[in-house]
Amino acid sequence: METKARVLIDCNDAKGLVYKISKVFFEKDLNIDSNREFVDKESGRFFMRSVVTGIFEPDELLNELKAITPEDADIKVIVPKPKKIILMATKESHALGDILIRHADGELDAEIECVIGNHNTLEELVRRFDIPFFCIAADGMNREEHEEKVMELINKFEFDFIVLAKYMRILTPKFVNAYEEKIINIHHSFLPAFIGANPYKQAHERGVKIIGATAHFVTDDLDEGPIIAQDVIPVNHRMGWREMQRAGRDVEKVVLSRALSYVLNDRVFVHGNKTIVF
Amino acid sequence: METKARVLIDCNDAKGLVYKISKVFFEKDLNIDSNREFVDKESGRFFMRSVVTGIFEPDELLNELKAITPEDADIKVIVPKPKKIILMATKESHALGDILIRHADGELDAEIECVIGNHNTLEELVRRFDIPFFCIAADGMNREEHEEKVMELINKFEFDFIVLAKYMRILTPKFVNAYEEKIINIHHSFLPAFIGANPYKQAHERGVKIIGATAHFVTDDLDEGPIIAQDVIPVNHRMGWREMQRAGRDVEKVVLSRALSYVLNDRVFVHGNKTIVF
Amino acid sequence: METKARVLIDCNDAKGLVYKISKVFFEKDLNIDSNREFVDKESGRFFMRSVVTGIFEPDELLNELKAITPEDADIKVIVPKPKKIILMATKESHALGDILIRHADGELDAEIECVIGNHNTLEELVRRFDIPFFCIAADGMNREEHEEKVMELINKFEFDFIVLAKYMRILTPKFVNAYEEKIINIHHSFLPAFIGANPYKQAHERGVKIIGATAHFVTDDLDEGPIIAQDVIPVNHRMGWREMQRAGRDVEKVVLSRALSYVLNDRVFVHGNKTIVF
Amino acid sequence: METKARVLIDCNDAKGLVYKISKVFFEKDLNIDSNREFVDKESGRFFMRSVVTGIFEPDELLNELKAITPEDADIKVIVPKPKKIILMATKESHALGDILIRHADGELDAEIECVIGNHNTLEELVRRFDIPFFCIAADGMNREEHEEKVMELINKFEFDFIVLAKYMRILTPKFVNAYEEKIINIHHSFLPAFIGANPYKQAHERGVKIIGATAHFVTDDLDEGPIIAQDVIPVNHRMGWREMQRAGRDVEKVVLSRALSYVLNDRVFVHGNKTIVF
C-alpha cells in the first residue's frame, strides 16, 4: 500500500545535497508531490521539505537519507496524522474560539487534548465543544508554584504543541525550556514594536497608522522567539486603544490560526531566532 | 468671484462648536464642499477641516471664526495654491525620483524650490528636471558646521515644507526646532520597530515576515515624531537584507508621497505626538 | 437621565443643513460624541451620522429635525440596543461559527433569534451555543415552495437583519423584496470579479494572484447589491482551487463580521447601488 | 572563470526529473544558488528554475539537460545580462516615469531601447533621461495602418520585451501574435473585474471598497492574458472616480515595475493562461 510522508532535512550545506537526496527518492521509486529547498547563505545551512508517496518503510527512508547527508543533519520522515495540541488561555475568547471552531469544522489536522485556563472565564465556551477544560488559578501562589501545577497537568498528556491563545501570564525559563520549539504564542502587536504589556495602548499613544499581530515560538526571551507569521490592519486617529484592541483581535486570531496550520503541516523550520516557512 | 478655502480649526472642545462654526458659514452664504470633525476625548481637543466656497474675504472669515471659538483656537483659512517645498536627499534616488516624477506630471500641488544633497550623487537626476541642486558636502566639518551651511542655504528660500527624501544624516535639535512641523521624513521601517541605523538589517536579523515604512514629522526625538502615514509589505526567509531593502524602497516612496500629498492638501493636524489626518 | 442616540439623516443636499441640524442639537443642549457628513455631488444627496448624548426625548428630537430638513429626508433617531438577527447557512461552518463565537463573547451588539439551514450539517454546532436551529430541507420542493416555508418561519420572528453566512441557495425576487435592505450576504469573491458559482474555481482557472470576499446587501440582481465591505489575500501558482477556497474562508468570515458590525452600529447608508459607511 | 546561469526547465512531469537534473549539476561540479520547482498536477507539467555557478559552457549544460529530460522540454540556460526593452505609452506619465527613474537608478537590469508614444505628451519627460522618443500619431490612419508603422519601428530594434506603460490603444491580433509572450501590459483594474474602458469609472459606479491593478502578458484576448502580478488599495465612498484613478496610479506603477522585475530576472513561466512566478 502507498505511503505518504513529509521529509524534513535541516543540515549544513554541501555540494550535491539535492542530487543525493533526490537519488534516494528515485531509487526507492517515490513520487515527489512537492519539494522546497532553501540555503541560508550566512550560516551555510540547508533546509528541504519534500512530500513523497510510494511503497516504502519510513524508517528505512530515514536511514538511507542519514547515510548520504552530513553527520549533523536533522532529518524527519513524518507520516501525516493529526497532531496533539494543548491550548492555554486566560479570559479573551477570540483566539481560542477561532481554534475551537476550526477544530470542530475538521479544518485543523489536530486533536485538542485539553484547554488550560488560569481563570474559569472560558470554561463554558470550551465545554460547548466537549473538550476538557482545566482551571489552574494562580491565586495565592507565586509564579513558580503556579507553573509547577500547570506542568504537572501538561505532563499527563502526550502532545506535539502547546498553543498560547492569549494566555496572559509570563512563563519562566524553566517552563519554556521544558517544551522547546513546542510552544506557540500570539503576541498582540507587530513585533518587535510594542514588546511587553498592553501593546494596543502603546500603539495608540505612539499614534501609529497600522497595528498588527505576531505568532511566534516561545523562547527564554520574552516576545523574542522565532516569528512564524505576522499580519497587520490599518487604524486611524478616530480609534481609541480599546477600538484598536477590538480591531486587532481579528488579526490576532487569523495570524495564530495561520501559524498553527503551518506547524501542523510540518512546514516550519526553526533556524536560530528565525523560521523558514515552506 | 467665487473663492474656495480650506478652513482648519484646532481648539479646546466646547458645546456648540459645530453649530457656531456652521452658522458663520451659513450666514456668509458659503457652500460646504466637505466637512470633517474629530474630538480627541482624552485631551478634550476639537479638530475640524472644512472646504468652503462662496464670495467672501478669507481674512474676514478668519476673524468671524475667531470671534466664536475659544481663545486658544488655532484657525487657518487657506486659499489653495501650490506650496513651496525644499527636498533633501543623500544618495538613494527612489524617494526623490518619485517626487520629481510626480511634480513633473503636475500631480503634486507644489513648487520644488531646490534639492539639497550632502553628496552630489543625485545631481544628474535632479538637473534632468531643471530643478536647482545644491551639494553641501559634510567633509571636514562637524555636524553643527555642516548644518549651519545647510540652514544658511535653506533660509534663502521661502518654503512651506522640507521633505527628507532619504536624507541620511541626523539633524540637531537646533535644526529641527528652527522648522517645527515643517520637516517631513521617511523612515525605512515600520516605526516604532527598528529605530536607528539600518532597519532592514535589523528586520532581517529579527526574522520578521513583514517590513514597512513610516512618514513622520521630525521632532527632537529621533524617529519619534508624529506619524503621518505608514505602509507594509510581506517578506520571507528567502530574502537577505539587501533584498528587503530593495523591496522596502517601493513602500518608502509610496508612503512618503502619500504623506506629502496629505500635507500639501492641508489634511494633517499635529496633536502632541500624533496626527489627525482628514 | 442621559440618553444616547444615533442620528441618521439622508436627504437632498441644501445650503445650511449642517447649521440647522447642529442648531437643533445645540438648543437641546446635546453633546455631539461624533459627527460625520458626506455629500454625494453626483446625486446631490446629503448623509449625516451623529452620536449625541443629553437629556431629551428621541421622538421630539426626530420631529424637530424633520421640521428643518427637506421633505424627502429619511431621518432616524436610534437609541442603541442589541439588534435581532436571523442567520442562514448551508454546510460550511466558518462564517457562521465566527458569528457564533463573537456573539458568545459579547462582541456583537446583537441577539441571534435562530439559525436556519437548508441542511442539518450545522445543527450540532449551533446547538452547542444554545441557539435554536431550524432545518428546512429543499428536497422534493421547487424553489418557490422551499422559500415559502423559509419565509413562514422567518416571519414568526421580529428581526432587524437576515445574515446569509454562506447560504448557498439563490433567493427569488419575492424573498429579496420582502426584506429590502435587511439581507446581508457574504460572496466568496472580490466582486464584481467571479460572479456566480464556484468563484474559487473561476479564480484558479483565471490564474489570479489575489482573491477576496465581498459582503453586500442582497437585491434582485444576484451578487449585484450594494457592497458593504471587501477584503483580499494573496494567492500563488502553488495553490489549487481547494487551497484557495480554504485560504479564502479566513477573508470571508472577517469581511462578513466586519460588515455585520457596521450595520449593527448603524454606520451604513444605502444609496442606490452603493453604500456610505461612516 | 566562474559562470553564473539561470536554468529554466518547462516539460512534462516524469519520475526522477529532479534527480536527473541535479545529477547533471553535480557531475559538472556546479553550485546551486537557488532552486525552485513546481508541478502543476492538473496538466502534469513540471517547472524548475535553478541558479547555478561553476566552470561550464552554457551550451554544453543545455545539451546535457536536453539529453535527460522529455523530448518536449523547453530548456533555457541564461547567463544574466541586461535585457533590452521597448516602452510604449500614451499620455499618462506615472507608469513610464517610474520605469525611467528605476532605470536611471540602475535598479532595473535592462536597457531601454526607446519609448514609443502615440502622442508627444511624454516626449519632454523621456528626453530628460536621454532616451530616444518616437511619436507615431494615429491621426488619419486606421488601426492597421498605425500599427504597421509602429511595427516597422519596433522591428528596427533588437529587444526582449515590449512594456505597455499605459499605452491606451487596443492592439490587433497581428501585433500581439508577432511578439508572443513578449508584451507586458498594466491594466488599471483588478482583473477580471472591470475589463474594458475606464475601469475606475466602472469601479466607482459599482461602489467597490477596494481597487487594484494587474500586470499581464498580452494575448489575443483583450485583458485576458496570463497575469504576472496584482495588487490593491482600499477606497471609500468619499472618492469620486478621478480620485480613485489618482490613488490607483500608485498601485499601477508598483505592480508594473514588480512584474517587469520578475520577467527581467527570468522568474516567470507562462503556462496556458496562467503564470508560475518563482
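Chains: A, B, C and D, in written order; residue numbering restarts at 1 for each.
Following the convention adopted for this analysis, a residue touches a chain if its C-beta (ideal position, glycine included) is under 8 Å from a C-beta of that chain, and two chains touch if they have at least 3 such contacts.
Here is each chain with its UniProt name: A, B, C, D = Formyltetrahydrofolate deformylase.
All values reported here derive from a predicted model rather than from experimental measurement.
Undergrad: If you tally contacting C-beta pairs, which pair wins, A-B or A-C?
TA: Of A-B and A-C, more C-beta pairs in contact link A-B.
Undergrad: Which chain has its C-alpha centroid at the greatest distance from the C-alpha centroid of chain B?
TA: With centres defined by C-alpha atoms, farthest from chain B sits A.
Undergrad: Quick check: how many Å separate the C-alpha centres of chain A and chain C?
TA: That pair's centroid distance is 35 Å.
Undergrad: Suppose each chain is reduced to the average of its Cα coordinates; what separation in Å results between chain A and chain B?
TA: Inter-chain centre distance comes to 41 Å.
Undergrad: So which bits of chain B are touching at least two other chains?
TA: Residue numbers touching two or more other chains: 34, 238.
Undergrad: Spell out the residues on chain C that touch chain D in their complex, using ranges where they run on.
TA: Against chain D, chain C makes touches at 38, 40-42, 190-194, 205-210, 212, 226-232, 236-238, 240, 273-277.
Undergrad: Sort out for me which residues of chain B touch chain C in the complex.
TA: Listed in rising order, the residues of chain B that touch chain C are 15-16, 18-20, 22-23, 25-26, 29, 31-37, 39, 234.
Undergrad: Residue numbers of chain C touching chain A in their complex, please.
TA: Chain C residues touching chain A: 34, 93-94, 97-98, 100-102, 104-105, 107, 125, 128-129, 238, 246, 250, 254, 257-258.
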